[in-house]
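Chain lettering (A, B, C, D and E) follows the sequence in which the chains are written, and residue indices restart at 1 in each chain.
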Amino acid sequence: MTLEAVRPSEGWGVLHLFFHLRREVVSDPHFDGQAASTEVAGLLDSFTAVPPQQVQAFSVLGQKADLGFLAVAEDLAALDRFAVSLASSQLGLALVPAASYVSLTERGGYGPSEEEEAQRLEREEGLAPGSDAHAERLAAWRERMASYAEHRLHPQLPERRVVGFYPMSKRREATDNWYLLSYDERRRLMGEHAATGRRYRGRVTQLVTGSTGLDDWEWAVTLFADDPADLKHIVHEMRFDEVSARYAEFGPFVTGLMGSATEVLRHQGVRA
Amino acid sequence: MTLEAVRPSEGWGVLHLFFHLRREVVSDPHFDGQAASTEVAGLLDSFTAVPPQQVQAFSVLGQKADLGFLAVAEDLAALDRFAVSLASSQLGLALVPAASYVSLTERGGYGPSEEEEAQRLEREEGLAPGSDAHAERLAAWRERMASYAEHRLHPQLPERRVVGFYPMSKRREATDNWYLLSYDERRRLMGEHAATGRRYRGRVTQLVTGSTGLDDWEWAVTLFADDPADLKHIVHEMRFDEVSARYAEFGPFVTGLMGSATEVLRHQGVRA
Amino acid sequence: MTLEAVRPSEGWGVLHLFFHLRREVVSDPHFDGQAASTEVAGLLDSFTAVPPQQVQAFSVLGQKADLGFLAVAEDLAALDRFAVSLASSQLGLALVPAASYVSLTERGGYGPSEEEEAQRLEREEGLAPGSDAHAERLAAWRERMASYAEHRLHPQLPERRVVGFYPMSKRREATDNWYLLSYDERRRLMGEHAATGRRYRGRVTQLVTGSTGLDDWEWAVTLFADDPADLKHIVHEMRFDEVSARYAEFGPFVTGLMGSATEVLRHQGVRA
Amino acid sequence: MTLEAVRPSEGWGVLHLFFHLRREVVSDPHFDGQAASTEVAGLLDSFTAVPPQQVQAFSVLGQKADLGFLAVAEDLAALDRFAVSLASSQLGLALVPAASYVSLTERGGYGPSEEEEAQRLEREEGLAPGSDAHAERLAAWRERMASYAEHRLHPQLPERRVVGFYPMSKRREATDNWYLLSYDERRRLMGEHAATGRRYRGRVTQLVTGSTGLDDWEWAVTLFADDPADLKHIVHEMRFDEVSARYAEFGPFVTGLMGSATEVLRHQGVRA
Amino acid sequence: MTLEAVRPSEGWGVLHLFFHLRREVVSDPHFDGQAASTEVAGLLDSFTAVPPQQVQAFSVLGQKADLGFLAVAEDLAALDRFAVSLASSQLGLALVPAASYVSLTERGGYGPSEEEEAQRLEREEGLAPGSDAHAERLAAWRERMASYAEHRLHPQLPERRVVGFYPMSKRREATDNWYLLSYDERRRLMGEHAATGRRYRGRVTQLVTGSTGLDDWEWAVTLFADDPADLKHIVHEMRFDEVSARYAEFGPFVTGLMGSATEVLRHQGVRA
């Protein structure tokens, strides 16, 4: 018997895994790259055969790592078992852990309030509170917000060309201490930040997951795009938002090129 | 002859051990996983056969480590001998130290004072000081406090699904210097913090042990829960307490999935 | 099939790669240094056969690394494939990744505005706005600016004797927070900085590339010179510019001696 | 010929050495643990045969190291030769350097002045300056101070059960800059600190040695006790002294269990 | 063909190299320590046969490194080739890079001005400006200053028993920002610092070389002395100078015992 399922009551488990590839293993004439690659592809298939489990593979630019995987699962034990299965596979002897990150999907706590939306409908759209139109629009808004939270809690990983990953925390310094701000002030700052993000809608998909108490930073940010310039532009632009300028601390940044596990391994020289 | 027993005059020794698992050892056909696993289980049994010695095993999420042990003993030499016995076992050649933490259980110095409780009984419950009812209630309170301190000094490690570990220190900065605050101010801040903790009673068990002068941080915090979301929520919520927001510095966070040593090793691919 | 091309919509990909050389591999009598060196030279030739792809090789002073490569490509997948091809070559078993840096060429956002130039022409050169002379001079200025931006976006790596590399970020501290300054203030500070740089025109070529969101710092600076004293002097002098003194955070500095891949490998003891 | 003796004009050399033990070497059936252990014991005997040379061995709790040695010698070359002799012994192949610290014993510069003592004798003990009683008492005081300085400069390492080691520096920050304080203010702060230390007299022996200009921190603190709780309590209590709260920066902390080299090695599984 | 000479237009190149010694190589019965040592001595002789090239060898105290070399050359390519020749020698397989530092000798920019000296001669020595005596003394002063700068630019490495090395930078913090001070203020602070240094004249020789833009810190400081206590005292005393107390940031400190390469290797157990 092995470990039982461990399911968070809210959110899914998210595991970022980064590996160096031991070239002396992969280039050894006795190493069967084809078989190793097929085995890895099979492990991913088995993993994703259990919905909502998802995995993505990518080649890492630069020498922080050679390749990585982003895995999502309801059950943390299944997530951990996936990592063990990679390490125990034929390719496993060539994989040297480079870094990793543990987080949970989460709702995001700073959206606009229903009261604000009700007032906005009256003020900007001239709808009288209590009127059918007002109630209808508010119901639609409620649904949109629920759908938005649902997307954060239960994301469908997008297929893009480039992935960017970085962990971050909010600052707790003498003059810039996020955790001493009022909720309203924090919501104002996050709202401004969200507006910057919306300017990249359709081009950059953000997955913000929570890791306070689970890993070294408070959040993990994973960005998906087709154009690598968009990754640079969005993070640069956001840095001018007060919430980043004054309150954000950033960990290491990793940039990856996405593909199927087979493509990524072939790209990395694991040859058939 | 080896080292004599070294027993602190107050508190028990606590040792957190984190290991990477060398896959090339474990997957070597000559490696007898069954025997290695049985030997480790035996080491744990021998260790815990001496009360109050306790050990817990867990698989570590992510690549900071593969697995870990949390051991408690009255005698630091026995604790150290336990670590040596793991390293010297058949599994030992596969274990690469990833990190560790040394601390002692301790009483916790910021509980409410008896005087405060006496006044509260009068004020909130209408019991006249000196009355039998007042004295009785105060005696009960005294017992509760003693039992609470006893639980901190001589804990019984709970069996949960998830364990979270992080070391922490109190800040000593120009404007936020914990060690320059008065005792009363520190007690007020710790009281607020304890109240946050109590909201997770029954869901999250906290083990706070002291390591000032023994290891790199001033305290070790070990959280036990069944729901990993609770680990995230309690640490996030506490971060807004002034004592954390202004005065806490946090070390690395490790999240583990708990099980028997045999389950953890099987989960990690040490196969029978 | 391997990974598809990934081309930023603006700028080229830039990859700095630094390696240690495993002496026990290179000095093994079975290691064919001549063949390994010829293979590496061939990889560089193949890479640069696809314009605008460029590579430069250098020997690294001190023990941070033994040698390095600076590669530029429109396609990030080609850039990554180049790194894999080095690692998979005969020399690859001797190459141990020491460090790397990922960035994109960029335009640079703080040049003087056309309006400023128009006013300057009137004020300093006595040319009436709207006059032919004024319009002509402004058109020439516009062209110079476009050419300058073009050189930053699509650089031709210069052939010099010495290369200096360091990543940097702008500071976000309580009193010195770059991202809270107005655009005009930032432009004034960058203008002053550019003026210092211009004093080294002809002696030091600067390549400033952007890495916000892509790697751990916000910019990569690569300096090319023939005289190593110039590298020291320009960085020292610039440190007194307010933009550096108050707002710059610097990462590690690497100094390299440039040559052809064959020269660098021979210099490093990879013998024919 | 090898290196000549290098004797500081004041103080003795102090070398803290911490090692990991390579289990695969120690548990190799061809490794003769008995012989290795006897050789190490012999090296220590030879070293301490030259007064005032002293060595102490200890097992390290946790995974920062497995074991350590604390060596003292008049001659730095002899100290360095001792480290080389360990590394070159049969056990040497199993020893992996984990950390070390270099310092010199020193006098300690902040004791009370003779003038202060003379005034105190008059004020508190009613002895008239110039009287025989006053002169006698002052002479006794002078002797005590000399003996105290002598103990710091030429310490006799105590035999205790537990050893605690940490390096530290004095802070040089904007508002808390030790090196900008007047001598009198520094002496006042150190006096308060010494008073805290005296409350542990007989239970904790402190060895404070200087390393400014020699190793990464300004001082090395080595604490000896029989009760590990005392190590925790003294450092915790001292942290509230203004000199620690505002002016101290601490390096890593190591806790060891002391014994003879033979006991420590046997405890660490180097078996006869 | 290998790399061409790279000579700074001002100053000589300085390379500090620190190595760990792989004991398993050195103690292997097939390793010919005598031959390896003779080869290294020969490499140093060849290097220093080209004036002004100089090298010094030292054994490192503690476990940051086992031994080190300090090499000086006009040509950075020759300096780099020297490092490669060590790594490629028979001893090379036993040398593991531990750290290094790259810098250039430099003039030092904060000496007294001729005008100040002229005024001092009038004020303190009663010599009338324009008089022969005044002109003569000023000429002598000019010569002394030139000779001092010459010694910094083109140093002759002294033969002492002990060497201390550390890199350092000037601070750029909100209230203590060296690079925002006026030249006069910086000269005043450096003058005070130089005065402290002069108190150790004859006992401690300082070599301050510049590394801004070349390596991670702005300067490298190498101190030479016969008495190790002098290394500790000078750095401790200087820490109270305002320029250090408020404006200095220090990197790691290394202490070495100097000798010929043969002596150092024999001391390190590389046996004939």
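Here is the rule we go by: a residue touches a chain if its C-beta (ideal position, glycine included) is under 8 Å from a C-beta of that chain, and two chains touch if they have at least 3 such contacts.
All values reported here derive from a predicted model rather than from experimental measurement.
With centres taken as mean Cα positions, subunit D sits 49 Å from subunit A. Averaged C-alpha coordinates put the centre of subunit D at 30 Å from the centre of subunit E. Among the residues of subunit C, those touching two or more other chains are numbered 174. If touching chains are joined by edges, the resulting network of the protein chains shown is one closed cycle, each chain touching exactly two neighbours. Touching chains close into a ring; read starting at subunit D and passing to subunit E, it gives D, E, C, A, B. Subunit C meets subunit E in the complex at residues 20, 23-24, 26-27, 59, 61-64, 66, 161-162, 164, 166, 173-176, 223, 226-236, 239-240, 242, 244-246, 248, 252-253, 255, 257, 259, 263-264, 266-269.
Across the complex, subunit B is touched by residues 1-4, 6, 8-11, 13, 15, 17-18, 76-77, 79-81, 83-85, 87-88, 92-93, 97-102, 104, 106, 172, 174, 177, 179-180, 210-216, 218 of subunit A.
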